[in-house]
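Letters are used for the chains, namely A, B, C and D, taken in the order the chains are written, and counting of residues starts over at 1 for each.
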Amino acid sequence: MSVDIFLQNVANSITLGSLYALIAIGYTMVYGIIRLINFAHADLLMVAAYIAFFGILIFSLPWYWAFILAIILTTLLGVTIEKVAYRPLRNSPRISVLISAIGVSFLLQNVAIVVIGARPKPFPRPEQLVWNINIGEISFLSLTIIIPIVTFILLAVVMFIVKKTKMGIAMRAVSRDFETAGLMSVDVNKIITLTFVIGSALAGVGGIMWSMQYPQVDPLMGLFPGIKCFIAAVMGGIGSVPGAMIGGFVLGFCEIMIVAFLPALSGYRDAFAFVILILILLFRPGGILGENTVEKV
Amino acid sequence: MLKIKRGRYITIVAVLIALSMLVVGCGGGAADKGTSDKDQAGDVIKIGVYEPLTGTNAAGGQMTVEGIKLANELYPEVLGKKVELVVVDNKSEKQEAANAVERLISKEKANVIIGSYGSSLAMAGGPVALDAEVPVIGCSPTNPAVTLDNDYYFRVCFIDPFQGTVMSNYATGKLGAKTAAIIQDVQQDYSVGLSNYFEKAFKATNGDASIVAKVNYNTGDKDFSAQLTEVKSKNPDVIFAPGNFLECGILVAKARELGINVPILGGDTWEAEEFLNQVTQYKDIYFSTHFTAEEPVTPVSTTFLDEFKKAYPNKEVNAFAALGFDTYILALDAMERAGSADSTAIRDALAATENFAGATGIITLDENGDATKTAVIKKVMDGKFVYETKVDPQ
Amino acid sequence: MMKEVLTTDHISMEFGGLRAVSNLHMQVFPDEIVGLIGPNGAGKTTVFNMITGVYTPVEGQIYFNEQNITGLNPAQIAKLGIARTFQNIRLFNSMTVLENVMISKHLRRKTNIIDAVLGLPRYNRERHEHYQECMALLKKVQLDDVANEMATSLPYGKQRRLEIVRALATEPVLLLLDEPAAGMNPNESLELMEFITRIKNEFNLTILMIEHHMEVIMGICKRIYVLDYGINIAEGNPREIQTDQRVIEAYLGVDMDA
Amino acid sequence: MDDRKNIKMVLNIALLLVICIILWWGQQNLSAFYIRILNLSAVFVVLGISMNLVLGFTGMFSLGHSGFMCIGAYVAAILTMSPASKEIIYFMEPITPLLANVQWPIFPAIVAAGIVSAFFGFLIGIPALRLRDDYLAIATLGFAEIIRIVVTNTITITNGALGLKNIPSVKSLWVYWGIAIITVIILKRIINSNWGYAFKAIRDNEIAAEAMGISIFGHKVLSFTIGAFFAGIAGALMAFLITSVDPTMFRFTFTFQILLIVVLGGMGSLTGSVISAVVITILMEVLRVVEQPMNLLGILQIPGLPGMRMVIFALGLLLVILYYRQGLMGTREFNWDYILDRIDSIRKRGTST
C-alpha cells in the first residue's frame, strides 16, 4: 500500500474516529452515572439533525442559530426523557429501565416516521464549515479537522466539569453509589438531570457533526452510530470520559484499516465491531481505561 | 407528591393519545366497511397494491404508488365498473409483505395485485398469490428469481442480467473502460445480483483481470471512505456501485470528495431525488433506468408526463412512477382483453401481453412473465438527471 | 483426638491491597458449636465467604473433612455438605415458603431435565420424596402452616428460621450461621438458642456461627474465635474469651450487646 | 386434594379438546388470510414464551433471539428445499455439494433447526453468560448481528443477500398451533420442575441460589440453550410460513418486537406471553386502518399515516413498563385451582345464604 493511500486511510480514520468519540462521550456520561445504556441517545442524534435541517431549510435560520437551537432543544428532550421514562424506574430492576430506554428509542423513531416521513432528506452543509482539502494525493473535508477539534474541546469541557467543579465531584459521588451520595446531602436528581443535560447536548453536537459528514437525515439514522458508539464507549471503559474518546478513535481506526488491509473481508466490517465488543466485555470488562471492580456479597 | 401528580398527568395524556388513535382507527374501519359492503354487490373491481411505504424501501414504494394513483385517476373504470385501489404498506419487511398480499386476496378480494418495490418483498408476496391463483404485476423488482417458476407473477420492468449487461456494454463501448471496480452492498440482493451480472459481462469483454477491485459494505453504513480509498488505490476506469439510493448517494459524493473522478455507474434505484440531492454538484454519474422524459417512446409516455406534471407540479418525473403507471394500465388492458375480472382470465391475458404500449416503452412479456424492453441510460448533469442514451434488447 | 470437620489453614483475603482477613487458622470439630466474633468489619463474613467459595483465599488452604476445598465454587461446596445463612436475609422473594425449601433439594436430584419434561415416574417419585422431606422439615420448625405463603410475607423472625431450614434442606454436615440473632429481642434470641441446639442434635450438625449477641454466643458455643481487623486475636472457651485482655480492648467502647 | 387432581386432569383434556375443535373449525371455515395471521401469531407465541423463559424466568436480558431465529430459518429452508430449486436459486455461486441434494420432510427439518440453533445458543452462551444485565444485552445483540452478517457473507451455504425462495409452504393451523401448544406444555413442565425453581431462584437471588448448591452458570446456559432451541424452531416455522428468507429479516430490531410481546404479557408468565403474542400479531393487522387514509363520518379527511402502528406499540411498551410493570399477567399463570376455588367460594356463598 503506497504512502499517500495509507495517509488517506489515516485521514479517514481520524474523521470516523472523532465522530465515534464525540458521541461515545455522551453515552459514557450517562452510563457512568446511572448505569444505563441510553438507547434513546442514538435517536437524539436524529432529532438534533432534523431540528438543524428544518431550522436551516424551512425557517431559513443562519446555520449557527439552527445548530444552537438544535442543541438546546435536543438537550431539553434528553432531560425530559430522563424525567419521564427513567426517573420513575430508578429503584426498579435494571432490565425495566433498559426496556424503557428501548421503548423511548422505538417511539422517537416511529414518531419521526409518522411526522416527517420515512424518506431521507439531504442535510444542508454550511459551506463556511465544509470545503475540500487536497494535500497531494490525499483529499478530505475540512470536517476531518473540525470534528476532532470540536471533540477535543468538548472533551476538555466535560473533563473540567467532572474533575474540577463542585457538580463534577458530586457526579462522581453519585456514580459510585446513590444512597451514600444522597446521605452526603447531594441532590441526586439534580446531578442526574445535569448529567443528561451534558449527555444530550453532546448528542446534539454529535448529531449535527454526523449529518454534516454524512449529509443525509432519516428517522433511523441513529441506529448504527448509536450501537457503534456504545461499543466505542465500552472499549474505552464505560464511565470513563477519556476512555470513550480513546475507544472512539480505536474503533474508527480498526474499522477503516480492516477494509484497507483486508478488502476481501469488508463485508464483515460491522461484525468486526461486535467481535471487538464481545472480546473486551469478556476479557477486560473495565475497558481500556476503566477499572475492574469486585462485587461484594 | 408533586412528582406523582405529574406522572399521572403524563399517563392520562398518553392514554388519551392512544385512545384517540384507536377511535380514529375504528372510524376508518367503519369507512372501510362501507366500501367493502358495496363491493359485495360486485360493481367495483379491486386492484390491490402492496408497496413499502415505510422502512428502508419507503422512497421507492411511495414513488411507485404516486404513479399508480395517477393512472387510477386517469382511468377510473374498466369493463364498465369502477376500479378501487387498495394500497397497503409492507413496511419493507418480508412477513408483512406476505400478510399484505394475503390480506389483499382473501380479505379485500382483489382481482389483481400490483407490487412490490424491492425484490425480496416481491418474493415474499409471490407464493401467496400463486397459491390463491391471483395474478401479480411487479413494477420494479428486477431480481430474476421473482418470476421464476411462478406463473402468476409478471413484471413491466427488465431484469438484472439485462441491466447489468447494458451497463457493462455502456462502460466498455461508450466510456471506453478497460478496467472497473465494483462496490456492492452485501445485504441487498439487488446490489449483489446486479454486480454479479455486470462482472460477468465486463470480464467477458475485457478479460478476467479487468475487475481490479470488488469491495463490500452493509446496508445502513454511512462511512465508505475505506472502501473508496481501496478502489482509488487500484485506479479503475469506471466504478460500478449499484445499491440503495440511501447509501449510494453518500457513497458517490464521498468518492468525488476523495478525488475519484472516473465515471461511476449504477442501477435503476438511483433515480430518486434522495440520490440526486447528494450528488447535484458532480458529473460523470451514469445509471440505467426504465424511462425518460426527454425521449417519450410511446404516445402513452407523453400523456403520463403531462398528467404527472399536472398532478405533482413540484416533483421530478421518475421511472418508478412511470412503472407504477404502466402496471396499472397493463392490468386494465389485460382485463379488457380477458373481457372479465376473473383472476385466471386476467392471468392468461397478461401472459399473452405483446407490444403493449406503456409509458416506459413497448412491453412484451416472455415465458417467465418478464418484460423485454428498452433500457434507458441517464446521467447526472447540472444537478439534474439527463437522458444519455437508450439500449434496445437484442 | 477426633478428626476436625473444617480447617482453615492460615487463610488470608485481600480487597484491593486491603487485608480483610490475614493468616486465620481455625479448626472446627464434629458436633461442636463454634462462635466467630469480633467488632464490625473484623472480616467475619469474609471468612464465611471464603469457606463457602464465594471468595478464594489469596493465601492458605481450606479443608473440609480432610478434603481440600480451596477454589471450589459455592455450588460444589454446598454439595459437599456446607450450608450457610446470610447476615442480610436472602430468600427467593417470588416463591412460596415450600418452594424456597424445595430449591435446596435440587442439588440432591438424581433425575435429569428430560425426565422432568416427559414426566417420567422416577421423576415424579423423586419429586414427591423431596416434597415429603421438605414438608417434614417445615413441620419440625413450625412453618408447615405457612408452607404456601409467599416467603416475603413472613414476619422477620420466621424469615430467619426459614433461611435456616432452607440451609438444612441441603442435608449439610457443617452449618454456617451469619448473625442468626440479628435484630432479635432477648427472649427471641433465647428461643433461637434453643432452636439451634435442637436442630444441631436432631440433624447431628456441626455449627460455626457469627454473632454479636454475646449471651447467645456465650450460651451455646463450646469454643470461640475472635477476629479483629482480620487477625485472630483470641480463641478459647467462653470464660477464657470474656477474661481475655485483647478481646476486651478490641471491644472497648463497643457495646457488648451490639 | 386428590379428586381436585383428577378434576384438573379432566379439565386439561377438555381444554385440549376444545382447542382441537377450534383448530379444526378454523381450518375448515377461516379464510386463508385469517389462517395466515393465526399461524403467524403461533410463531410469535413460540418466540414470546421462549424469550420469556430466558428473560422473565431466568432473569437474563438476552437480545439474541433474532439471531437464533435466523439460524433456525436457514437450516429448515436449506434442508427442505428441492435440489431442483436449489439449482435455480443459487444462481450466483452454486450451493456446496454437501447440501445440494439433501431434501428432508418438514418435521425432521424443524427439529434439526431447533437443535442446530440450540447448539449455537450453547456455544454463545458459554462466553456471553459470564456477563450481566445490560452488558449481556449488548453482547447477545452483538452475537445476533454477527450471525446475521456471517449468514450474509457465506454465499455457498446461504446464498447470501439473495436469500432463499421456493421453501415448501405449510399452511395448516395444526402444524403451527400444534407446535406452539407442545412448546407451551414443555416449557410449563420445565418451569414447574426443580429446574424451573432453580431458574427463578437465580433470578431472585444469585448468591443465595449458589449457596444452596445450584450451579449458576450451568443453569443459565441450560435456560439460554432451551431458549435458543425454540427460537430456532420458530425461525423454521417462519420460513415455512413465508416460504422465502433472507438475512435482512432478522435485524436486531425484530428482537424488540418479541421483547414487546414478553413485556406486555408480563415477564415471568407464559400465559401472558401467549395472550399478548396473539393479541399483538392480530393488532398488527387490525391497526392497519390507522395507516389508511380515512374520513371520520365524512366530515374531516385524514391522510394515511404510515408508521402509526409502531407508534402505538412503542407507546404501549413505554406505558406498561412505566406504570404497569407487571404487564398483563405479572408472574401469574392461568391455573384451574384459581378458577375452581372461585367456583367453590361462589357455591359456598350460595349455600350460606
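Operating definition for what follows: contacts are C-beta pairs under 8 Å (C-beta built on N, C-alpha and C of every residue); 3 or more make two chains touch, one makes a residue touch a chain.
These figures come from a predicted structure and were not determined experimentally.
Chemist: Could you tell me which chains make contact with chain A and chain C both?
Modeler: Joint contacts, listed by label: D.
Chemist: If you tally C-beta pairs in contact for every chain pair, which pair wins? Let me know.
Modeler: B-D
Chemist: Of the other chains, whose C-alpha centre is the longest way from the centre of chain B?
Modeler: C
Chemist: Between chain A and chain B, what is the separation of their C-alpha centroids in Å?
Modeler: 35
Chemist: Indicate the whole-number Å distance between the mean C-alpha point of chain B and the mean C-alpha point of chain C.
Modeler: So the centre of chain B lies 71 Å away from the centre of chain C.
Chemist: Could you work out how far the Cα centre of chain C sits from that of chain D, in whole Å?
Modeler: For chain C versus chain D, the centre distance works out to 42 Å.
Chemist: Taking the mean of the CA coordinates per chain, how far is chain A from chain D in Å?
Modeler: The separation of the two C-alpha centroids amounts to 33 Å.
Chemist: Touching at least two other chains at once: which residues of chain A meet that condition?
Modeler: Correct list: 84, 88, 113, 118, 223, 267, 270, 297.
Chemist: At least two partner chains per residue is the criterion; list those residues in chain B.
Modeler: Counting only residues that touch two or more other chains, chain B contributes 7, 53-54, 58, 186, 216, 218.
Chemist: Residues of chain D that contact two or more other chains, please.
Modeler: Within chain D, residues 149, 152-153, 207, 306-308, 311, 315, 318, 322 contact more than one other chain.
Chemist: In the complex, go through chain D and note every residue touching chain C.
Modeler: Against chain C, chain D makes touches at 186, 189-190, 193-195, 197-198, 200-201, 203-205, 207-216, 222, 268, 331.
Chemist: Going by the contact rule at the top, pick out the chain B residues touching chain D in the complex.
Modeler: These residues of chain B touch chain D: 7, 11, 14-15, 17-18, 21-22, 24-29, 31-32, 53-54, 58, 87-89, 93-95, 98-99, 102-103, 105-107, 120, 123-124, 126-128, 131-132, 143-145, 148-149, 185-189, 191-193, 196, 216, 218-219.
Chemist: Within their complex, state which residues of chain A touch chain D.
Modeler: Interface residues on the chain A side: 35-37, 84-85, 88-89, 92, 94-96, 98-100, 102-104, 106-107, 109-111, 113-114, 118, 223, 227, 230-231, 234, 267-268, 270-271, 274-275, 277-278, 281-282, 285, 297.
Chemist: For the complex, give me every residue of chain B touching chain A.
Modeler: 3, 7, 10, 53-56, 58-59, 62, 186, 213, 215-218, 220-223, 225-227, 229-230, 232-233, 246, 249-250, 253, 257-259, 274, 277-278
Chemist: Under the touch definition given earlier, write down the residues of chain A that touch chain B in their complex.
Modeler: 1-2, 5, 8-9, 12, 15-16, 84, 87-88, 113, 117-122, 132, 134, 137, 139-141, 210, 213-216, 218, 220-221, 223-225, 255-260, 263, 266-267, 269-270
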